[in-house]
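The letters A, B, C, D, E, F, G, H, I, J, K and L name the chains in turn, as written, and every chain counts its residues from 1.
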Amino acid sequence: MVQIGVLNGPNLNLLGTREPALYGRTTLADIDARLAEVARELGITLRSAQRNGEGELIDLLHGWRGEVQGVVLNAGAYTHTSLALRDALAAIAVPFVEVHLTNIYAREPERRHSMLAAAAIGSICGLGAAGYEYALRGLVAHLRERTPPAAA
Amino acid sequence: MVQIGVLNGPNLNLLGTREPALYGRTTLADIDARLAEVARELGITLRSAQRNGEGELIDLLHGWRGEVQGVVLNAGAYTHTSLALRDALAAIAVPFVEVHLTNIYAREPERRHSMLAAAAIGSICGLGAAGYEYALRGLVAHLRERTPPAAA
Amino acid sequence: MVQIGVLNGPNLNLLGTREPALYGRTTLADIDARLAEVARELGITLRSAQRNGEGELIDLLHGWRGEVQGVVLNAGAYTHTSLALRDALAAIAVPFVEVHLTNIYAREPERRHSMLAAAAIGSICGLGAAGYEYALRGLVAHLRERTPPAAA
Amino acid sequence: MVQIGVLNGPNLNLLGTREPALYGRTTLADIDARLAEVARELGITLRSAQRNGEGELIDLLHGWRGEVQGVVLNAGAYTHTSLALRDALAAIAVPFVEVHLTNIYAREPERRHSMLAAAAIGSICGLGAAGYEYALRGLVAHLRERTPPAAA
Amino acid sequence: MVQIGVLNGPNLNLLGTREPALYGRTTLADIDARLAEVARELGITLRSAQRNGEGELIDLLHGWRGEVQGVVLNAGAYTHTSLALRDALAAIAVPFVEVHLTNIYAREPERRHSMLAAAAIGSICGLGAAGYEYALRGLVAHLRERTPPAAA
Amino acid sequence: MVQIGVLNGPNLNLLGTREPALYGRTTLADIDARLAEVARELGITLRSAQRNGEGELIDLLHGWRGEVQGVVLNAGAYTHTSLALRDALAAIAVPFVEVHLTNIYAREPERRHSMLAAAAIGSICGLGAAGYEYALRGLVAHLRERTPPAAA
Amino acid sequence: MVQIGVLNGPNLNLLGTREPALYGRTTLADIDARLAEVARELGITLRSAQRNGEGELIDLLHGWRGEVQGVVLNAGAYTHTSLALRDALAAIAVPFVEVHLTNIYAREPERRHSMLAAAAIGSICGLGAAGYEYALRGLVAHLRERTPPAAA
Amino acid sequence: MVQIGVLNGPNLNLLGTREPALYGRTTLADIDARLAEVARELGITLRSAQRNGEGELIDLLHGWRGEVQGVVLNAGAYTHTSLALRDALAAIAVPFVEVHLTNIYAREPERRHSMLAAAAIGSICGLGAAGYEYALRGLVAHLRERTPPAAA
Amino acid sequence: MVQIGVLNGPNLNLLGTREPALYGRTTLADIDARLAEVARELGITLRSAQRNGEGELIDLLHGWRGEVQGVVLNAGAYTHTSLALRDALAAIAVPFVEVHLTNIYAREPERRHSMLAAAAIGSICGLGAAGYEYALRGLVAHLRERTPPAAA
Amino acid sequence: MVQIGVLNGPNLNLLGTREPALYGRTTLADIDARLAEVARELGITLRSAQRNGEGELIDLLHGWRGEVQGVVLNAGAYTHTSLALRDALAAIAVPFVEVHLTNIYAREPERRHSMLAAAAIGSICGLGAAGYEYALRGLVAHLRERTPPAAA
Amino acid sequence: MVQIGVLNGPNLNLLGTREPALYGRTTLADIDARLAEVARELGITLRSAQRNGEGELIDLLHGWRGEVQGVVLNAGAYTHTSLALRDALAAIAVPFVEVHLTNIYAREPERRHSMLAAAAIGSICGLGAAGYEYALRGLVAHLRERTPPAAA
Amino acid sequence: MVQIGVLNGPNLNLLGTREPALYGRTTLADIDARLAEVARELGITLRSAQRNGEGELIDLLHGWRGEVQGVVLNAGAYTHTSLALRDALAAIAVPFVEVHLTNIYAREPERRHSMLAAAAIGSICGLGAAGYEYALRGLVAHLRERTPPAAA
């Protein structure tokens, strides 16, 4: 059965209470709960984690190697500064979809460039917590299109 | 009842036969058909159009003024060059979500900057035809969150 | 008798109702009415048009060739992106004055550079609808200074 | 009664004899005379000055604080280099319109960026001495639109 | 039989009378007549068109899809601003050669970058109307080198 | 009672022995001792910490949320590279003052841009260990100006 | 006895009444009074001046040569545009500390670069009038560390 | 009788065997042979040379001074780095046409800028060995248009 | 006896299995084994470590302070983003040589700039695992040239 | 008789005592004395002045209008920041030669660009006080070459 | 038997006496002698040359075509300016390793970009004369890894 | 006795006949003749040469090593492109003065940056052939200031 990793980067542990005018009041737990429903619908399993450290995120991705077939990634601010994270994603050799809660193109210039986007399948931003669901659905669709249909 | 405009820009009329290795074999008609299903599910109506001319797209948006409450927009190459289109979207004063079939961040540098993204609610790229569906769902969710619930 | 063309670009058809906090409530018809008064005072005739398409604006300028002796031009967003419009103005070989309703230097960076300004006689921005009147007066003064006085 | 300051920057004292092919043969005195007529027509009074020093221009603006309700400003070359002048205009907290005799966008690249324009109501360039008149009219119109009409 | 499209962009309809010091006195009709002779010599047929609108040029290219095996293109000012035109050329999937009457590298900086050149087979500039003939010959030679010779 | 966090970033644990010609011989313990005196004088309490990891600094700031009313921050080299740290400061929603022991504007170009400065109340650099004291005093003054005086 | 010069640049004469939302209501006289107290505490004397002209500030610094052992400098907008002022500070060969009332890194981009900072001992910004006091204390500490202790 | 110089720069001596996938299998001797035919047709004579050294190319051009009336130039990599070659062409004061075998706009960024193009009559790239023929024809046409027709 | 630290950064723990087409099949253990042989030959001892976190690498370097006389460093992606690591190397005040398995100049632009290189003795890239050996030999040679020969 | 103005800008009044390691120990008076000798040799007269203010330098140049036939100018730091000074030189319409005591290309980047150089006849830097003499000789030679010889 | 070319560019003939503080006292002859020993050890032969001219270096590389299987290249200053040399290396189609005696990343900015590095297998800098030895060893290892073992 | 080398770069052999409107009608022989007079006056000897090749100029400078005590250099176009020439000047370790006949700051942008200027004592441009004389005088003065006077 397909397993997808859902990985959240720095400061996302505070989601729901952190700058709610910007990021909303939905928590990571709410998002995980919703994604669990979607996963059941799609017939897949999920692994989910959040870390504040770049090295810890890399360690975690390494641990998922061979265990997940794709990653839904909100790398938070590391999106814009971390080449090491892009290398980690390449190292575990699975496709990923980038998600951002806010519209990063309507914020500070530092957030307009993603170190990750060119290596992703695609990205979604500005659609709030729903963006995770769409990213998960899009990632699974991508994996299934490239997978030979179950024999029959 | 909420009505959403789905607007496609230059060269998207050829979708399905144009550079299929890049854009896939799904046609605009296929996308419209799928969006029609989603619209029924969401209890909304759709208007859909495609134009190759920048001025024609602007004319079309002006014509939708007061008729649609939001726009799903794939402006194709005008995404990167048209300030006039951004002004037209501001002029009709409805929220919009930007969609791209391909991951524009993994293509030529000219496609890395969007003239529209900062004015959008959000954007989706690289998820193929499914991106339209997610954009539509995300846009409707955005409109409903900001709308007082129907009385009861 | 001197004839001047007054040409308006994309989205200016919506003037008066489009983003009124920014562009005011005066319509193009109001502006044309005021310019007609000024034209009578100056002893000239006017031709006036608005188009949303870059190609249509060019077609229109070509049609004015040999008919107008100068142009008052608010090219809207094409100011910042259209080299073809500058070429069309050079092709019909008449002087023009650029007008903008808003102060383009106090808006987004994309609006700070004009593709047209270097080819114009001069430009006016930020003075609202009155800017058209000043542009017309300035253009006619420019033409008359270079014209030998009517014989006597 | 509304009083407007007309302030001219470096080298404008030589107007009429300085590079006449570029700046024309009208002198500052001619301009002041014409503006005095316009002021009478508009029912306002004027104060007018020219200085070559950046500090002197700032001193002068400080002295006008509370005395003028707006400024018509041709800062000459300081337009492109003086942040201190912009601060002085902010310090005296009155609106201003920027004027240039020549079309600064058709000259050297150093003249294409104005340090002042973003803080102005608007700007006029390339219309020669007439630009001062239009700037004055535009400024007074701006002040009056924002002023409650005299009672009665 | 090989058919080649010859497409001209904005303002080229005025060729011969537009800025003759720069563009010469040869008209588009003259060029078409000369190209017809060359086509006869080469044993090919031609389709030729000129449009001022970006969208119209795209429509026209779409209409030529499957009908022409290559395009000689003078996109005029759109050369420097139109990504949509490049996409249209990719969409109809035929090789093209870029032509410019003038030496674009000896003109304004805006004309030094072509949005199209990287997607072309090659480009010719500064050789006036003769550039069209060379482009046509070069394009046909390119097509024939890649075509197995007619059996014998 | 007001509590302030004093947070030091990478390599500052070696202060006093690390590149003493540049950073001096004062240790972090010396600085903490001096700040404790100042805190007593100001009637506040302090929390102080140093970490070498970006993620650890973020974890630490999260832990201070709701416990400190402001932060004195010397983020060391992360000043110039960490957007995640700026987000963490925004997430805990307290004002902070940036301190640097050396004059970062007289060093390598990489140190001339701070990712944090725009989000800070203010910053101090080049005054050595005394900079911490001034930052603390400035921060407390800032907090008190905005706090209604204790009743009486 | 050590004497320190306190020098203020353009528009600072209006401090307290100029843009109070930005610069506060403290006047230069208030700041001088506070610095006089600090000077007494530190056992030093002060000279203080403000000028709006770049040349006048340079003249003033030249006049302080040999009379002051250091300078506290708020050069206002000249901070960002005056190389001549940096040369004047080098010419009188005394250390200086740069002060800004506001956080210049949270304002317009033009204010993010200081022509003076690299030549200063250090700089302080965003701490309002208190910044002067800290600058003075920091400067005196700097001078004393480098001075051999009074004999005995 | 008109004489034209055909000059080839560094590495072009290896044409035909050097990177044939990129540059083809035609040799310089083949090109010279074809140009000789064209020259006979045009009633002109040719001089042809190839050098790998920048100084040698300059020496060669100096030697052609007064002997050739125009130059067909493929400067190879010096196109992008040699200002001295441009000066040499100006020094001998004859018109030249630039040729490149490959489409330099579809290669590395270093090849996108030509030091020579602005001084040339025109340029041709991407049409392989045929480009030399077109360049020669274009150059001769250019020379003849500017030459009074032979008397009679 | 001289001791050298060999430090590897993020994702290098996966060497041998990570993107083998790019990084090869040699593991870090293989490299350490080879370096141990070289160390015996050179009469030195080694310490070796790998970490994925920037802070952990800094902690590790601090721990090596006074214990190693030089460092062979492959900082992986942190090479391009970590100023803190450069500071840590300066803080422990030993020379280091930078190694990269791949030719970083033939990869993405983000990898073309090293934050560390200017502070290193030298660097080696593109020679695969052998690069470590050369770096170690080069570092030891560097240390010995600067060390007075053992007496006798 | 030809009269030349020798004008010195900010901080040059301190020449001889200001940063002597950089600027030497020659004073302006020494330079003026030497230039007086050269002037006698050349049969011309001199006017010489130094000012620290940009406006004062402009006033001074205006005063020299019609009195001097050329200017030797060391504008000090204003060289790099003053467009107004360039305008003043154009306004008095005499040729000038730029002098710098030091080699401005071997100093800070801010000194590498001159606002004046493009408008000068030529410039001399790095030759110390002797540069003034060469500038004067070069300027007079320039004037005489363009002057018809005195009749005879 | 494998033959490797060792090629040195401009000014390297003076090695040992040229700027010895920077480049050391080892001569090219010393380096060649050491490389001869290494070649014997590796069972290969060497060809070695030095030239000051870009064209001469290209001529030399052309002469080595088909004779050497790889090149160790220290192109000196041409590293940073010569595209023609990169083309020559591509033309002879053998792998090469770039060597620099000094750490080019710790010198002037002009030396930070290599025109050659992206086309090399790898590069070594800052390790002095030993860098040549490592480059040679690395190059031979590279060749052998890709070569089927000699039959047996 | 002091000997100075006078070195001229590419295209300067044509001086006097090459673009005389720009470079004048004085030949190199005229300049050498005048410099010989100056040399006699100064009590020095000269060596003079001109080469078109970068490598030849380097060879020539190497040959002058130990023979000349300084160089007057007009490197022509290599001024702007040759780092190798700067290295050659450093290699022979004598001071040099840069000369240009024209005002390079009033020409194309490519001529505004000198690769050599930062390494020179100083530079002179725009003063025509007289610039060589001033450069020679300035260089000799520089050498003598640093040389103890001949004993007596």
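In this section, contacts are C-beta pairs under 8 Å (C-beta built on N, C-alpha and C of every residue); 3 or more make two chains touch, one makes a residue touch a chain.
Since this is a predicted model, take the numbers as computed values, not measurements.
Asker: Hey, what chains does chain A share as contacts with chain D?
Answerer: Common neighbours, chain A/chain D: none found.
Asker: Scan E-H, I-K or F-I for the interface that duplicates B-C, counting it as a duplicate when over half of the contact pairs agree by residue number.
Answerer: F-I
Asker: In degrees and to the nearest 5, what turn takes the CA positions of chain I onto those of chain K?
Answerer: The best-fit rotation has an angle of 180 degrees.
Asker: When the centre of a chain is set as the mean of its C-alpha atoms, what distance in Å lies between chain F and chain L?
Answerer: 55
Asker: So, what's the distance in Å between the C-alpha centres of chain E and chain A?
Answerer: Those two chain centres are 46 Å apart.
Asker: Could you work out how far the Cα centre of chain F sits from that of chain K, in whole Å?
Answerer: 50
Asker: Listing for chain I: what residues touch at least two other chains?
Answerer: Each of 53-56, 81 in chain I touches at least two other chains.
Asker: Please list each pair of chains that are touching.
Answerer: Touching chain pairs, listed by label, are A-B, A-F, A-I, B-C, B-E, C-D, C-E, D-G, D-J, E-H, F-G, F-I, G-J, H-K, H-L, I-K, J-L, K-L.
Asker: Which of the residues in chain E end up touching chain C in this complex?
Answerer: 9-11, 13-14, 18-19, 51-56, 76-78, 80-81, 110-111
Asker: How about chain C: which of its residues touch chain D in the complex?
Answerer: 97, 103, 105-106, 114, 117-128, 130-131, 134, 137-138, 141-142
Asker: If we count contacts the way the header does, which residues on chain D are in touch with chain G in the complex?
Answerer: 53-56, 58-59, 62, 65, 81-84, 86-88, 90-91, 93, 115
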